[in-house]
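Two complexes come next, and they have one chain in common, chain A, joined by chain B in the first and chain C in the second.
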Partner chain A sequence: MNDLAGKNTIISSLRDVFKVREAPIFIYVIVMIAVFSSTIDGFFSMKNFEIISRQITTIGIVSVGMTLVILSGGFDLSVGAILSFAINIGGQGIVFGWPIWIVYPFMLALGIILGWINGFLITRLAVPALIITLGTMNIYRGITMVITKGVYITPIPSVYSFIGRGYIPFLFYAAVLGIFTFATLKTRFGRNIFAIGGAEESALYSGVPVRRYKTIVYIISGFLSALSGLILVGKSGFVQPQAGLGYELNAIAAVVIGGTSIFGGSGSVLGTFLGSVMLGIILAGLTMLAVNPYWQGLITGVLIVFAITLDSLRYLKR
Partner chain B sequence: MISIGKVSKSFPGVKALDDISFTIQYGEVHGLVGENGAGKSTLIKILSGIYPQYEGNIVFDGSVRHFYSAHEAQTGGIATIFQELTVIKELSVAENIFLGREPTRRLGMLDWSVMRDKSNEVLQFLDTPLDPRETVGKLSVANQQIVEICKALVLNSRIIIMDEPTSSLTEHEVDQLFITIRRLKEKGITILYVSHKIEEIFEICDSITVLRDGKHIGTVEKTETSPDEVISMMVGRSMNMMFPPRSAKKGGLLLSVRDLSRIGEFEHVSFDLHEGEIIGFAGLIGAGRTELARALFGATALDTGEIGLYGDRIDHFAHPNDALSRGVAYLSEDRKGEGLMLELSVRENMSLPILKKISPYFFVQGARERELVQSYISKFKIRMTSIDQIVESLSGGNQQKVIISKLLLTESKVFIFDEPTRGIDVGAKYEIYKIMNDLTLEGKGIIFISSELPEVLGVSDRIFCMREGELVQEFTRDEAEPEKVMKVLAAGENLTGGDAA
Partner chain C sequence: MRIVRSGQLKIIFILTGVNILIMAALTYLSPTFMTYGNITAVMTRMSELGMLAIAETIVLIGGGFDISIGAVMALSGAVLGTLHVMGVPFYLSIIIALAAGIAVGLLNAVLVVNLRLTPFIVTLATMAIVRSVVYALLKGNVLTELPEAFLNLYYVYVFKLPLLFVILVATAVIMAIMLKKTILGRRIFAIGGNEKTAYVSGVYVKRIRYFVYCLSGFICALAGLLFTVRIRAVIPDAGLNAPLEVITAVLIGGTTIYGGKGSILGSLLGILAMYLLLNGFSLLGLNPFWEVIILGVILIVVIGQEGIIKSFRAPFVRTRA
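Then we have the complex of A and B:
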């Protein structure tokens, strides 16, 4: 009797695994690794995985923040601009000769402040987050360009490169993934984010402090953008005003390909991670195959349309 | 005749229709009744081509007809008027009537004169003097419905399905609709009339089909049955009492409301609520009751007034969270928009207001959550496959029970129930009245807002009549006779000094 019950739970939990939203994308990722590994010499190597991990980290971290924002029913187009603002304006500290233990917190604080400004405006104005962050994106970038006059900060002290060495960026990424996977699934914060994205009024009437949580989500997004900026500086060894350009769209792509609903209320950080991995693998594979880089954009586009089609089918089925 | 033969339809995990067979005679008004989740909507959607996949067959005009789209059903002679009207408010009456099949002249130009003439023709037939050029959004809901009926007539529909057609009509408009239905019937059009309201069914229908839990319970001639019999067929038991008896005793003062105003919505509202009491707010739609409830709950700001709670004077609630943490819970009339997250599970929905309690250290305590949620599910016999089921897949009555359980989990002292029985069936209504009754036995107080007068009178200890944003009169349970109350609500009979409490 007990054996039977045990067996049934195994079967049903196996079935549950395939019902999981992330299952299809996980399978695609595996298939893609298999295909590239069998067709490209040297694809399946530690060296290559290190390269891929380094490539996906910066946008990957931004995408985690974007996931929270989209889960809560919002959008944040200003992530790339915040990244650039944080490292360039914060980078003025490097120019002034401030020590790293002041520059880093300063950069992260800038990310938090800009995120808070987004959240404040979004929760006070009756305008969609997409439009507000479209505005703040241009404002943040504008300020960055005005102050830096488009000039790179280089050379920078070598201590700033430590964070960008080898697998260190990926360790940061893994930590961010771990923290926010846990936060979305197991904490009050996570529940409230899903609730707000699912039906904001319902959440309000259930006593959820909607404004506060929405603001927090944009603050987190701003913070993670700045963190991603620190790593970018570490990897490149200089600070450039154009940093983070186009990150917002790549991050949204990873979120959507990862199965998070563009309307909010359902999805996961894990899915976004898989979305980022998928984009990273495609990029690496196509580069190694010496495919014209223009094809990469096309393939990313097809994936996005495909993912959104799946998402809307979910709605149509009801 | 139209015969529905052995029709079944399944959704993942639910058998919505199970081997349904009955016939509808041409030219009759056929009532389709059943509790929520009985399968009425599913059947309508099959007949109107929205659900093309089902088992069994539908025969009319002597041949099996299977519609694969709403468009096919319409051209095949079946028109459906859904509860949520499908008129396009920005367009004119004529444009709506001819939507999708506009008569054209050369080069695809719209033939306005034909559209206008034909529109006038059908409008005259229905005895409704509407201007075909009028924008539909400016019409009353009743007239918008007429436009939909005109659409069906222009299509030469032989069967018109009406889904809860009276749900947003006034009494007078309902009478008008019945005149229209009779006229259609004279013309030989068959009507499938779907409704919750037994009185209406008995007034307008020739025969009645009852569904329950996806099964066909019976099809009877109106002349050979009675409302009581139909109700007992619907619920599967006889309902002698519409309302459970009130036995709670009035205790100490819970809530006192003084001079609440929110300009443009309600003015100078004062009342008290005691332990063990249900106070009913009767009024027409738009009388300001929901607005009052929302402001009281802290969802909107007050202009004047103050609230006393358990003897303490507090100014007002700044946020719903504030109200909830002091033991005041609000059930919104808008189940889908303001009550539930349809995509989340039953468990996640129910635990939302008590997350603080079950996540004292920020992390949600899964076991405690399941235990609490499960206890309420068993208590209220909510039908579901598991507590992780997505709320959207539950029936209306069960969804409502999920919301109520969610509020009860907060262990509040004061409950504001705004239209808690809207759109749910007789059996589920009775259960909700019972839950309210039980709450008052535990010493809680309930503010009960409803637009259905019989239930306000049947459930409440005191009844407040609200009209145009003001409390105009208070009745005790014994004084409140339906005619008297209705007079106060509807007529402009101004009762001076009628301020309550």
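Then we have the complex of A and C:
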């Protein structure tokens, strides 16, 4: 992963990309596109790709946060709940008539705070992140339901839908991808995340401030969930208490399909992007083939099992 | 006869005390709490989650993890309802519904045992798969066409206790005896405590794991039948919140997620405390969503209590997903 030589970084990182993890998934994506384009009329069109790009952004952004969490050896089941909390509680600001430049930072701040709570609990208690985030997921969702009483916030001013128009969501997604690809591959932050996920104790004894980095990872995950919420509000034009339901499953699916190891320590943001694209293409293709949407869970589940089997085989080989 | 291990006794005593306290408080706060009708209502309501808690306890003791429990519960109801509508004889539909639960358990077991995948992710995936099968079977609808004789089991009372509750207690007793008094049960504890030691001591680890996941699937399917009787319908969203509720209750009851420790009695006391609280909320007219908030807080406090003390002393706390 890290390249001590310092020279030929571009070439070696290119080699990293095509040698191990992302190559197969990249090929699958190409094959998928080819298969669907040849069997479905109108699949290979700008219109359809715009639809797919819009569909994958919200879960895609959440998945980037999930990638960092899983890379650091953790887990975050509360992403969907944070998204819902941020837009619903932050959305009360819309009800009060606050201006957009206060509401947006407020929503993002809520995401950061909830992420920090996750990180704080996980690093202070000797308990698996899984159980903590199972708990916080329900606390956040419960608070959202108690405060909103299950009521939608609609209509909302049209300025909020600017962020959800056309390719704008995808631009946000691309920016998030760019930032975190760079952060994981080229910064000390990224190296330390990989180190913690690979061997937490070794990282600690090598002087990595493990707690601080793990907390930061959950904060990033919370922030990205809230950002994804803003875009979701922009796309849908209302704020819904049940927003983000099941996002955790789809995000985990995108991450593991993208080749990130659930044991932590290896994987990439780029892989997760390809995983999200793959899920998006499959779902779009099946929708166009008029397959009942109830089967989506089945497909996601089977893909997860398939991906972790590959991961486990890789793990056993080592 | 020793029903629980000495290490568990403390937790059982505390939980019994907590339950008595809640009951005392509710009796004081609400005149309708200590009535025969309300008490039997709580008993009936806790029956299906109690069954799920038994299943989860056994899996956790064996060092596994199962969050597909709620989905399996929904599946057995959905299979039962769908087959009945198709005109399959009812006793046969029940058998197939139970078999469907065992089949999901078998699938979990194959993935966990033979492919050596992490139980949590495996059951997360099978949960999604099973839930989507449920939605597809029911097409997202609620199904109420069921034989009256089956639904009227709700009104059957044994010694003035609802039949559903009696089934729960009977299952709990059988499973507790299985865990504590049979070689099979001791081996489940052994595997959960230390898989390698159990393996070199001659325990067929794989077979026992298969048994544990299939048993869990079977009990969850049975829970689905109880649930169908209780609400007199088959609904696709059955058990949607079950993973949180059941895992919280089971962990409160002294079972650990690391395996090798736990008791069914503790889990049931945990479920009872939860339902008494829920019942209290509805009697006192509080928003039912407080339930999930309180459950989440209890989960974190219960599981983190040792960690809180440790973390302020130790420079390093090991956490793993």
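Basically, the second predicted complex is superposed on the first by the 300 of 318 C-alpha atoms of A that agree within 3 Å, B and C clash if a C-alpha of one lies under 4 Å from a C-alpha of the other, contacts with A are read in each partner's own complex, and residues count from 1 in each chain.
The criterion applied here is as follows: contacts are C-beta pairs under 8 Å (C-beta built on N, C-alpha and C of every residue); 3 or more make two chains touch, one makes a residue touch a chain.
Remember, predicted model here, so these are calculated numbers, not experimental data.
> Of the two partner chains, chain B (first) and chain C (second), which one does A:E201 touch, if any: first, second, both, or neither?
So A:E201 meets both chain B and chain C here.
> Counting residues of chain A touched by each partner, does chain B or chain C come out ahead?
Greater contact footprint in residues on chain A: C.
> Classify the contacts of A:L298 with the two partner chains as first (chain B alone), second (chain C alone), both, or neither.
A:L298: touches chain C, not chain B.
> Looking at A:M288, would you say it contacts chain B, chain C, both, or neither? Reply first, second, both or neither.
Neither partner.
> After superposition on the shared chain, which partner residues are touched by A:I113: those of chain B (first), chain C (second), both, or neither?
Touch status of A:I113: no partner.
> For A:M32, using the defined touch cut-off, is the partner it touches chain B, chain C, both, or neither? Pick first, second, both or neither.
neither
> Determine, under the contact definition given at the top, whether A:L310 touches first (chain B), second (chain C), both, or neither.
After superposing on A, A:L310 lies clear of both chain B and chain C.
> For A:N138, decide between first (touching chain B), second (touching chain C), both and neither.
second
> Touch test for A:L121: chain B only (first), chain C only (second), both, or neither?
Only chain C; A:L121 stays clear of chain B.
> Chain A residues touched by both chain B and chain C?
In the superposed arrangement, which is not itself an observed complex, chain A uses residues 201, 204 for both chain B and chain C.
> Could you pull out which chain B residues touch chain A in their complex?
297, 299, 319-321, 323-325, 330, 332, 334, 336-344, 348, 351-353, 355-356, 359, 362-364, 366, 392, 406, 410
> Quick check on the complex: what are the chain A residues that touch chain B?
Residues in contact with chain B: 186-192, 194-195, 198-199, 201-209, 261, 265-266, 318.
> Quick one: which bits of chain A touch chain C in the complex? Just the residue numbers, please.
70, 73-75, 121-132, 134-139, 141-143, 145-146, 149, 200-201, 204, 210-211, 214, 249, 252, 256, 262, 264, 292, 294-302, 304-305, 308-309, 312, 316
> Provide the residue numbers of chain C that touch chain A in the complex, in ascending order.
For this pair, the touching residues of chain C are 111, 115-118, 120-122, 124-129, 131-133, 135-136, 139-140, 241, 243-244, 247-248, 251, 257, 287, 289-293, 295-297, 299-300, 303-304, 306-308, 310-311, 316-321.
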